[in-house]
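Starting off with a structure, shown below.
Every chain is named by a letter (A, B, C, D, E, F, G and H) in the order it is written, and numbering of its residues begins at 1.
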C-alpha cells in the first residue's frame, strides 16, 4: 500500500508499513529479522521491497541470530535494522549489549505487546524499562524514540539512522500493537540513494596502504580501558540529552494539572486535553518524543507551576519513574496505569483528573 | 573446601562455593546452568555435590536453555536455581519474563562482571537495572537481594527459596566478581531434607480424583485476564515491600551526609564510615540488602535530616536513581560512579565526601 | 466535527477492508482519519472489529468508548456491541443475519439486508459495501461516491472487475438510508 | 588492628594458595579476615595477585590501597606494586628472583631467597612458604605455626607428605625475619 | 447398519471426509452452521460400510461412526 | 647446512618439537626464559636435515628453519 | 440386529474445547492421534503436554492432561526440566517447524543428543502458520511465502532442513520417524509411529521424535483437500517418509504406505 | 655453499603479538595454519576474522586482518551479517566446541543450511577450555571434566555430538572435513583442508567447515605431548577423520594420514 514518489505524498498506510518504508527512506538496505506479531508486516514488506532496490532481506533463525547478524552488518558499515515485539526484544538483550559495547549504530523497532511471558498481542507499554534501562548487561542504553502516530513511526524510523550514526549507538523506536496495526494518512519521505556516512571503523576489504586493520570488539580486560569506554558512551548520552531531547506540549498555558504520557497513551491524553472543560480543570500534556534522553527539563519546569502531575501509561508504573525523577518532589505525581491490552478511555482519564484535582485541592467539576 | 555438618560451623570458603552450598541448604535439588566466569565454581560445586544427595545437576547447552529448564523444573514443583554472570543473565531475559508471567518461583544468582558486551571478568554493579527493572518484557520484576559478604551470599541464597515461594516470583541474588571469588569465614547452614512447600499448581503424575489437571501458562488473550495477572503480581510486590524490605545502617546517629551503597560498594563505604573523622564529617551508611523491594522509607527518613546524600556504585548511575526516587528532592544527591572493574578506594570516597560537604556548605576537613 | 465509527463482524465479512475504504475516503475528503483494528488470535474465524475516526480536528485517541456510529454485521456483534453506541448515534445492522434487532434507546437505526442485497447482485463480496453505503448516506460525513472512489484507488487493478457490483451495493445501501430518513 | 597484606607473583608460584592459608590461619586465630584474588584472563602464566585483610574490627573493604605489608614474588611484581606499600610497612621480596631491590622509602624490608631455600629443601612447591613464614614473623599478626596449622587443615590428606617440607620453609622464612629485625 | 454422526456445529466444512470416503457416501450440505461453515452430511446411508475412514481423516474430530 | 632457530623467549617449552623431530635433533634446555619456561634447543647440528617438522608442530610459532 | 457400537470413541485425552484451527488443518488430526495413543497407553494422568508457540499454542486447552506452555522454540528445554524432576511422568512436546527447526534448533539437537526421555511431536507444515505464513526452515525450494514473495531461492535463504536426518546422526535418540498426515493409510501409519514413540519413552529408552508432514493450506494458498495432495505428492519428495530408528526393534525402514 | 633460505616464513597474516595459549596448546598450530593459507591465497586484506568466545577470544589480536569479536556461539550469525554486506570479503569464524556445538548450535546449523559463503574453523578439544575445563557437547564418554567429576555418563549428560556428520545432512555446506592437530602428517593434511575450505569460499560455493581435533592438555590433566597422542589414539575413534564433502572435487573420502 505504499507509494514511492519523488515528492512527499500522503498515503493511507499501516504503522508497520510506514515503519518499514521509513527504514528504507532512512537509508536502510539490510534487514535481518524474525517474525512476531504484531509487526509481521515489517519483515514481509522488507522481503518484498529490499531485494528490488539492491538491498538484503534475510530471515534469521531467531531473534538471537537476528541481532547478531545486525551486529555483523553494522560492523561491516551497513545501515541496518531489525524489528520485533516484546519477547523477541528480550531475546536480543545480550546482543544489544555487545553492540553498545562495540559502539555500533543500528536501528531497532519494538512494537510492544502485552506481557509478561507470551502475554498477548494487544497494545502495551510495558517494555519501557526494557527500552530505556535495558540493552542487556552493563551501562549501555538505547536512545529511545516514542512516536505516537503512523506519521511519526515513519519519520522517527527514517531519522533514527542519523541519530544512531551521530552517537554510534543503538536507536530504539518504541511503539505498540495499536500503532503498528492502525492506518493513518502519512506523508512518505521519498526514497533516495543516501550516501553512507564515513565509517572509518568498519571492517571489510580494504587497502592496507590506506588504513590499518579494523577491529570491532567489546572485550577490554584492562579496567581503565573498559572504564574509558563507559565514560565515552556516557559522554555521548549527555550530548544526546542536549541535542536531541524532544517532546510536544499541548493544552493550557496556565495549567493546574500536568498530564504526562507518550505514544498511544499520549493520544488518549490529547483527547482528554480537548475535553478538559468537562472536568473544569486546566490541563497541559507533555508528551516525550524521546524517552532516553528524557525531557526532564520541561517536565521539571511545569511541575513547579502546576498543582499535580498525572501520568498515564499502559504499564504498571515504569514511565512514571522517569517523570518522578524529573519532578523530584516539586508536585505530587499520580499514576493511571492499565495493562494487558486494556487502555483507559479519555473518560477514564478525566475521571482520574477529577480525583487528582480533589487530592490536591483544585476545584474541579 | 566446604564442610557440611550438623551444626553451623565456620569455614573459610569462596563466595561461589558459599552460594552453591547456600542453594543446597535452601533446599535446592535441581540445578541447570551454563558455565561463565566469574561463577564457574558454582556449577562445578553443584555437579560434584547434587548427585550425591539425590539431586540433579545438568549442564544446559546455553543460558537460554538453562532458564527454560529452570522453568520446566519449577513448573514441576522443584526447588530449582541457576547461576550466571552478566551476558548469561541477559540471554535469560525472555525466559525470566515467562517465569514471572507464569508465577513460578526460582532462584537466580548474577555474579556481575564488567560490561557492556563481552566486557571483562572484573567486579561491576552495572546489572542493577537488569536485575531490578529487567526480567525481560512486561511488568514483572525480580525480587532482588544484595549480599555484601560471603556469609550473606550463603544466607541470602538459602533464604531466597522461601521468598520465591512466598511470592511465587523469581528471586535474584545480585553480587559481583569480587564477592564471587573472595574467601571469608562463613557459618554454613546445615543441609537437611526440607519438606517441599505445597505446590498445588505443579504439573506431574497425579490422581484425577484428587486434583484437576494443572496448566502452567503465561498466554492470556483476554485483556482483563492478562491485566488481572499484572495486578496480582503488583499486589505481591506491594506485600513484599511491607514484609521483606531489608537494609543495614552504620555510622553516626546525627549524620551530616548519608552514604548509600550496596554489595561490594557498601563494604568500601563501611571503611569510609570507620574513617569519617579523617574528613571531619558525620556519616551514616544505608546499605540496602534488598533493592527490589527498595528501602525507600529509611532513605527518605534520613534524607530529610542530612545535608546531602552520596551514592557510591560500580556503574554509571543506575542505583542512584532508586535513591533519588526515595529522596525525592529532600536533599541533594551526588554520585561517585566507577566502572569496568575499577573501584573507588575508601580514600577516593572520603575525597568525594569532602567535595559534597563543600557543595552543601558542611564544614569538612 | 468528529465521527467515531465502530464496525464489527465475523472473519471473512470484510469488516476491516470496508473500514479501510472509509478511512481512505475520509483522508481524500480532507479529513483527519485513523483506522484501528482489533484482531482475535485465531487465524480464521473469530470476531473482527475496527474503529474509524473522521474529524476536522486532531484525531487524538483513535479508539472510541461510545462510537457515534456503528456498523454491525452479525448477531454476536449486535449482541456484544450495540449498547456502546452514543446517544442519538447511527446504528447500521445487517438485517439479513441479525434477526433480533438490538434494543438501543435513542438511536437512528438502519436495517440493511446486506446478504440479500449481495445475493441479488450476485456477488458475495459486496455484503460489506451495502452496509457502508447505508452508513455514508446515514451520517453524511462522506458520500457513497467518496467511498467508491477510495475503493478504486485501493483495490489492485485485477479486482476492478468487481467495481460495478460494489458500486451497486453501495448505492443500494445508501438508498435504504435515504428511504429510512 | 588491621593488617592489609598484598601478595603478587606469576602463575604457578602459589601466590593465591599462600594467601588462602594466611586467611584461614587468621580466621582460626579469631580475627576477621578476607582474601580477594585478582586473576588475569590467561589460563596459565600472567600475573596473579591477592589481598588478605586481617583485623579485629569489621573487614569492610576487602581490598587495599596502601597495604600494610606486601609479599612480592617476581621482578615484575616488585616493579609494579612495591611503591603502593604504606609508609613504614613490611616488604617481603623473593630475592632469588628479584635482583633489583625496589626502592621504597621508610619500609621494613625482608629479602628472602625463597627459590634457593626451596631448592635446599628439595621441594619446588615450598617457594611461597618461605615467604609467608618471613611475613608471619615480620608482622607478628600470626605465627608460622598458625600458618602451618591452617595448611594442615586445608590441604587434602594426600598432600600431607609435603608438610615437613612446608614447615621447614616456613621456619626458614621466619628465621630470616627474626635475623633481620 | 453402520451409522455416521457428524456434529454439524463443530464441522468446519473442510471436505476431507468427503474426499477420502472410499464409498463416496458423504457430501457437503448447503446449509450453514452458526459459524458460517457448510457441514458434511451422509449422502447415502446405503453406501456407508462404517469403515470410519472419514473419522480417521477428520481434523475436526467431529465424526462418530457406529457399527 | 640446515639450521634451526628457536626463539627462546617465546618458546613455552611444550616439548612437541622434541617429540616429533624425526632425527631426535632437539632437546629441552635447562635454562629458564623470563617467563619461566625451559625452551627447546638444537641438541645436535649434525642430525638436523632441515625437514621443518619441528616448525610444523610448534604451537608457539617460534621456530625458523633455514636450509 | 446386533447392538450398535461406537467404533471411534472421542479420546479421553482431548478436552471438549473446540480446536481453533483452520478448517481442514491437520493439526487437528495430529491432536487426535496423540490423544488416542495416550488413551490406549492409559497414561493420561501422568502425561504433561508441552504446548509451544505456533498455531498449536493452545494445545494446553485441547489435551486433557497437565500442561506447560513453553517459550518459542524452548519446548525441549522445558520438557527436560520437567522430566528431570519427575522421571515417572510422560512428557511430550508438540512443536511446529518454526518452533523446532528455526528458533528451537539448539534445544532440539541437545535434548536429542542427551537422549532425554521424552517424546516430540513435530508438525512440519513448511511455513510459520500462526504469524501469517512466513518462510520456515522447512519451506521447499521455490515455495512462495509471505517473506519469500518471489519463491524461496537458495541464494537468499538456502535449503530446507531435514530434521529427522539431522537428528539421526546423534546417539541419543531412540526413536525417529517421519510420517505424513495425508491419506488415510498414512494417518494410520503416523499413529503407529506416535504410539511407538510413547512406548519408547515408557520403556525409558530415551528421546523419541515423530515428524508429521502437515498441511497449512491457508498460507500455501490452496484448498484444504488440494493441500493434502500437496503433502502426499510434493512434500514427501523432499522429506522421505521413513522410520529412521527404532530402538525397540533395532530397525530402520521405509514407511509402508499401504500397510 | 648455496645461499641459506628461510623455508617457513612467519605468516604475514599473524601479528607479532605473542599468543596467550597454554604451552603446547594446538590453538597456536591452528592459527598458524589458517594464517599460512590466508597468505598463500593472498587475501589478507579482504579477510575478516570472527573471533568468538573461548580461549581463542583474542584471535582478533593474533590474526593481522580486520576482525570482529562475536558473542558466545554467534560467530556464524555475525559472519552472515558481514558477508551479506560485503560478498567480496573473505570471512572466517574461529570457534571452539563450546562456542559452536553448545550455545551456538542453532547458528551453525542455520548458517550451514543457508549455505552462507564463509569458512568455519572449528576447534574440537572436547572441553570448555577458557572457563576451566567444563564438559562440552564433544566430551567423550567417561571423560572427567570439572562439571562431570565422575566422568561423563549417558544418563546424566547424553552422548558427544559429531558436528561434521550432523551438518553433512544439510544441502547448504560445500566443504566439510574433520582433521586432527596431532602428528606432523595430520597437521599437513589439516592445512590442505583449511586451504580447500577457503578456496571453496573464494569460488563462491557456500559454507565450508574444517573441524580440527585439538588438545587441551591443561583440562585433560595430561602433559602436552601425552595430549597429542590422546587426540591421535582416542579422539579419532569417536570422531573419525574424513573429508565429508568437497564441492570442488565432488568427493567424500577418508583422510589419508600418510599423505
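Rule of thumb we're sticking to: contacts are C-beta pairs under 8 Å (C-beta built on N, C-alpha and C of every residue); 3 or more make two chains touch, one makes a residue touch a chain.
Quick caveat: nothing in here was measured; it's all calculated off a predicted structure.
Asks: If each step moves to a chain the current one touches, what is the fewest number of steps from chain C to chain D?
Replies: When the steps are counted carefully, the minimum from chain C to chain D is 3.
Asks: Check every other chain and keep only those touching both chain F and chain G; list them.
Replies: Under the touch definition, chain F and chain G have H as mutual neighbours.
Asks: Find the geometric centre of each of chain G and chain H from their Cα atoms only, then give the gap between the two centres in Å, rounded to an integer.
Replies: 35
Asks: Calculate how many whole Å lie between the centre of chain C and the centre of chain G, each centre taken as the average of the chain's C-alpha atoms.
Replies: Centres of chain C and chain G (C-alpha means) sit 42 Å apart.
Asks: Between chain C and chain F, what distance separates the C-alpha centroids? Give it in angstrom.
Replies: Once rounded, the distance between the two centres reads 87 Å.
Asks: Just curious, how far off is chain F from chain B if you go by their C-alpha centres, in Å?
Replies: Averaging C-alpha atoms per chain gives centres 53 Å apart.
Asks: Please set out, as single numbers or ranges, the residues of chain A touching at least two other chains.
Replies: In chain A, the residues touching two or more other chains are 58, 61-62, 64, 87, 94, 98, 102, 117-118, 120, 122, 217-219, 221.
Asks: Can you list every residue of chain H that touches 2 or more other chains, as numbers and ranges?
Replies: Each of 22-23, 57, 69, 71, 102-103, 105-106, 110, 130, 132, 137, 157 in chain H touches at least two other chains.
Asks: Can you list every residue of chain C that touches 2 or more other chains, as numbers and ranges?
Replies: Correct list: 41, 45.
Asks: Within their complex, state which residues of chain G touch chain E.
Replies: Residue positions touching the partner: 4-8, 10-11, 14, 18-19, 21-29, 31-32, 183-184, 187-188, 223-225, 228.
Asks: Using the touch rule from the top, collect the residues of chain F that touch chain H in their complex.
Replies: 3, 10, 12-16, 19-20, 37, 50, 52-53, 55-61, 63-67
Asks: For chain B, which residues count as touching chain D in their complex?
Replies: Of all residues in chain B, those touching chain D are 1, 10, 12, 120-122, 178, 181-185, 267-268, 270-271, 274, 343, 345-347.
Asks: What residues of chain G sit close enough to touch chain A in their complex?
Replies: So the residues of chain G in touch with chain A come to 53, 57, 69, 71-73, 102-103, 105, 128, 130-132, 134-135, 137, 146-150, 156-157.
Asks: Which bits of chain B are touching chain G when the two form their complex?
Replies: Interface residues on chain B, with respect to chain G: 30, 32, 56, 58, 60-62, 64-66, 68-78, 80, 94-95, 98, 102, 203-208, 213-219.
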